[in-house]
Amino acid sequence: MIKIGIIGATGYTGLELLKLLSRHPAAEVTWLTSEQSAGQRFGDVFPVAPALGDQVLVASASADLAGVDLVFCCLPHAASQGAVAAARQAGAKVVDLSADFRLHDPAIYEQWYGHSHQHHDLLAQAVYGLPELHRAEIAAADLVANPGCYPTSVILGLAPLARAGWLMGPIIADSKSGVSGAGRSLSLGAHFVEANENLSPYSIGRTHRHLPEMEQELRLLNAESGMWHVIFSPHLVPISRGMLSTLYVTLPEGVEPAAVRECYAAMYADEPFVYLLKPGRVATFAHTAHTNTCAIGLTPVPGTRTVIITSSIDNLGKGASGQAVQNMNVMFGLGETVGLM
Amino acid sequence: MIKIGIIGATGYTGLELLKLLSRHPAAEVTWLTSEQSAGQRFGDVFPVAPALGDQVLVASASADLAGVDLVFCCLPHAASQGAVAAARQAGAKVVDLSADFRLHDPAIYEQWYGHSHQHHDLLAQAVYGLPELHRAEIAAADLVANPGCYPTSVILGLAPLARAGWLMGPIIADSKSGVSGAGRSLSLGAHFVEANENLSPYSIGRTHRHLPEMEQELRLLNAESGMWHVIFSPHLVPISRGMLSTLYVTLPEGVEPAAVRECYAAMYADEPFVYLLKPGRVATFAHTAHTNTCAIGLTPVPGTRTVIITSSIDNLGKGASGQAVQNMNVMFGLGETVGLM
Amino acid sequence: MIKIGIIGATGYTGLELLKLLSRHPAAEVTWLTSEQSAGQRFGDVFPVAPALGDQVLVASASADLAGVDLVFCCLPHAASQGAVAAARQAGAKVVDLSADFRLHDPAIYEQWYGHSHQHHDLLAQAVYGLPELHRAEIAAADLVANPGCYPTSVILGLAPLARAGWLMGPIIADSKSGVSGAGRSLSLGAHFVEANENLSPYSIGRTHRHLPEMEQELRLLNAESGMWHVIFSPHLVPISRGMLSTLYVTLPEGVEPAAVRECYAAMYADEPFVYLLKPGRVATFAHTAHTNTCAIGLTPVPGTRTVIITSSIDNLGKGASGQAVQNMNVMFGLGETVGLM
Amino acid sequence: MIKIGIIGATGYTGLELLKLLSRHPAAEVTWLTSEQSAGQRFGDVFPVAPALGDQVLVASASADLAGVDLVFCCLPHAASQGAVAAARQAGAKVVDLSADFRLHDPAIYEQWYGHSHQHHDLLAQAVYGLPELHRAEIAAADLVANPGCYPTSVILGLAPLARAGWLMGPIIADSKSGVSGAGRSLSLGAHFVEANENLSPYSIGRTHRHLPEMEQELRLLNAESGMWHVIFSPHLVPISRGMLSTLYVTLPEGVEPAAVRECYAAMYADEPFVYLLKPGRVATFAHTAHTNTCAIGLTPVPGTRTVIITSSIDNLGKGASGQAVQNMNVMFGLGETVGLM
């Protein structure tokens, strides 16, 4: 059994992790931390059934870092850095669900997150935890930076084109996210009456922090590829969980829709968690709700050079905690789908 | 034109009032106060169209109390008392949407709200603003205490039986409310992901502060009536606005369903805002959404002495701001339905 | 491995069964039937990930009844009778999710369902599949009638009181159900715009077909108990799945709240799927969403003889498919919680 | 008073029309037709309050076409043609809410709608009812083709750029619509459990019937404009009413964001129902819910030639019935905003 600690367990990613790990045959959750709720049962923080709820939360200072094999860190960015460093110091492997170790270049991190990075050494070792792109490195890693939800849907939706060198010009990523992506901290935008019966774009264009993460990973797939950039427009929708990115790409002349489909089919043929929909189908939230799957639809637009890619994930599944468990499976040499099907 | 000021205008009742008054032919909103948002346009606080949004909020200290005919006070209880007193001192009539002037007995107020009442004189003058019960007093009043949303649905649903002296034993009031009833202040219970796809009872039994208000008004309808009490169970439902109370009454022996229906028909025959549904129909949220109407269904249960009354209102309409405007109409001698149909 | 066939697999209970069985270690789904969608992949009927979607639906005429150990029948009542009889004839055990074998008395069945029962012999053998009440009989049964969702929440919420003989007078069961309980057949009441932002009571009083089922099972718990009956009011709420019954019981004089709690604690102490909440807590949809658990809260009302019981289940879990798998586990001597935690 | 008949009144546009007209000071609804519900009260078809519900529906054969000044036709396309022709024959002016008279070229109509157009003469007289583009023609028209909801949001969002000749290449229109846009006819996509907690793209690319309508109107704004086309992707979101189009335009070189803003400000300066949001703001559903307004946000993307336009309307307001009433006001020389503010 893999002994596991979860730091910052009282958010939605923590809850989802605990649910997934509770039915994982090789995982044993040893402790859960929360500064605000230390001493309480998990079931006092979330209205859940007793099997999940009986574990008692501890302050992070009393968490036995050395007593676990793996730490999932669910703190917000900035707060995560120190906790990850402490866990690594104690010898535990780490999957960090924050943004702190996703961007390889600390200067870019500082530019987007507004504060400097304190652990350049760890940053240099961290592996971007998208198994479809970095499986071998994840298997060898001690520190995995779990991707953001938007980047997961956008990168998986564009990776075959990026690898082929077929991206060019502005790529439109119009993304729609359920409200759990905003976390459990209270905010007016996530207040029921404000979010319900409403749909709001926010941080559109090139301002959302998930943008550099997408572009970093897509550029790494083909160093030779030409000039392109992503226009990224997230929208909040009145749904608890789920995410869809509708991606608009102008293909280079001479690239036919059939070649595009072959390209996706080839790259994802053996991927257990990427589901290429049949021609004519589009991805919806329903395809992936409560799963670790990314469903991808390809819709070429006849008479134009545009192809529309619809890419759906569950933002708490493949977009966060499911992918974190997938990374754990890879890091510990387990079957990649264990506990996730 | 009636000159109007709204104190505490940046909550949902304030927004609804402003919408209603903007199409009221005899009302002119002179100022809106907000301590937190003073200096901002109303449209910066709520994403609304320009016609509503251009008015600028002022701090209450700079509101010209003497320059208006009527003040709607939308502050929370306790905070409301002082503001109401100041407005009355300045000569304005007041409709107070808080609970501060609804309970006639200050001792009961203190018992339920946990602090003493500072304005016994005003309390003695205040009229409970349910026009269907107190129309003449409201017409003569300078201070009207606008009823709570739950009490409006429960009192109108039970008043004919109370007046007839047909209430007895425990009366079950199982109420379901949209989330706007909880206001615009942030809380975990009103956080989208917590409220959505969820339904939660709260303060059930005889613990919710709206209970004494219901019993006060129902008892006033028939001093001779026997022993009865209300068991009141509010439930939060994932809906922005609306309210339904499902009321279970055991009729005295000898009281037939036909007599019950006559009793309701008689009391509400001329009421413009009470809609007695035909036999066989039940009230739903949809009957009253975005209206000032209370829809009432009567369902006798054959073979038993139970009658089920379903009573639906819009919690922001007849349950708050709509009723406040109805009270204004009565207080100023306008047609009662002006601006509300 | 238990070989399984599902008749009528393209409704929500079929989908949920397939999801549960796909991660059950001892179950193997051999075939799925659908008359309308025969020949299609399951994934063409529901937008689900490929692992679930690749099985092809067959017409029931071509289903190999003799080749499976267990048939789950998900047809509507009336249609179910013949299919169950055929499966039993072929030697398969059956869990029937319809109402056809729940009422022991065929006369009562005919009275409530409007047509006669064609298989009195099978009806006599059928066991009511609520393991908390009939575990031993289910273990020995070849035909189990899976309870309705409303009855599951009401019976589990009242069973300890019924057994103790403490029910009397009218018992109010005010139930709230998610829309999936209405099935996948199209209807105006389940049309999005009609159901969303709406809440509707329906079939209230003593008219809903789930009423006789509740009373049958509760009466069986104590033949000596006195005069009581259930007033049952279902309400449709704009939630996909989940159910809460708010139950109002007047206790006999002399029965103290502490005795009530002991009664529940004793009956449910060893039940893996009944969760008695701590004093002061009430059950919500969130407690049981996507689980096979029934969460029960006990709220005595001080100064009265009323106790309010809140009983929550997932209508597709403990209210249908989860309970069907629990029954399978009992019938085949597996651990009762296998595949359900 | 303008005497009004509504043909096909039992859909959502009919309900919304009736609500709007009931508070319009110059409108008097004389009759409402429905083939299926003839003889019923309107309140038997929709759970609405009595003021709206008491009018009795008649079959269209018994509607007095000659007795009204204006007919609103709310039938689906194809069915609408004959009804419009009959109303015109009887001398009534007509606002047709279907697609039957929107496309000027009958060949294009036939290509997109799959059947031939039976009334070329009427088609030649019909005016496209977007007052912001065709106010003078509408004032003189006897037959107005009320625009589709998607086209209203897209055309108003792009018109200033189209008029300036600044459209080029593929224009991405990623639209999100509430479910009422799909009408009241039952369909699996609008079944609550399918639509709720789901978000689905459909008819994406260049396949949706609203596409030719958008392109027709935008091209008419500048005959000299170069090569461009719209890629249009509608998405269904779990909201009852509302619509947002997120529009991505690549500006010609040399066109600066400031010039774009001036262009919109100039075109919409005096429009009562177009609300240009301040720099930095984006349009949301909440800006326009239950109004006849179109809210438009302009977001240039620094470092690129892309500008993102967010354009929000209420699909039943400015997208259907509100706009129909606006057209009525223009056709009858009333103040354009009467009954709509």
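Letters A, B, C and D mark the chains as written, and numbering starts fresh at 1 in each.
To be clear about the criterion, contacts are C-beta pairs under 8 Å (C-beta built on N, C-alpha and C of every residue); 3 or more make two chains touch, one makes a residue touch a chain.
What you see is a predicted model, and the numbers here were worked out from it, not measured in a lab.
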item: Where chain B and chain C overlap in contact partners, by chain label; value: A, D
item: Which of C-D and A-C has more C-beta pairs touching across its chains; value: C-D
item: Chain of greatest Cα-centre distance to chain A; value: B
item: Length of the line joining the C-alpha centres of chain A and chain D, rounded to whole Å; value: 39
item: Whole-Å gap separating chain A and chain C, where each centre is the average of the chain's CA atoms; value: 37
item: Gap in Å, rounded to a whole number, between the CA centres of chain D and chain C; value: 46
item: Multi-partner residues of chain D (at least 2 other chains); value: 197, 238-241, 284, 286
item: Chain B residues within the chain C interface of the complex; value: 170, 172, 174, 176, 194, 197-202, 204-206, 229, 231, 233, 235, 237-242, 244, 246, 248, 250, 282-286, 289, 299-304, 306, 308, 310
item: Contact set on chain D toward chain B in their complex; value: 22-23, 46-51, 197, 275, 284, 286-288, 290-291, 293, 295, 341
item: Residues of chain D touching chain C in the complex; value: 12, 179-180, 184, 186-188, 190-193, 195-197, 238-241
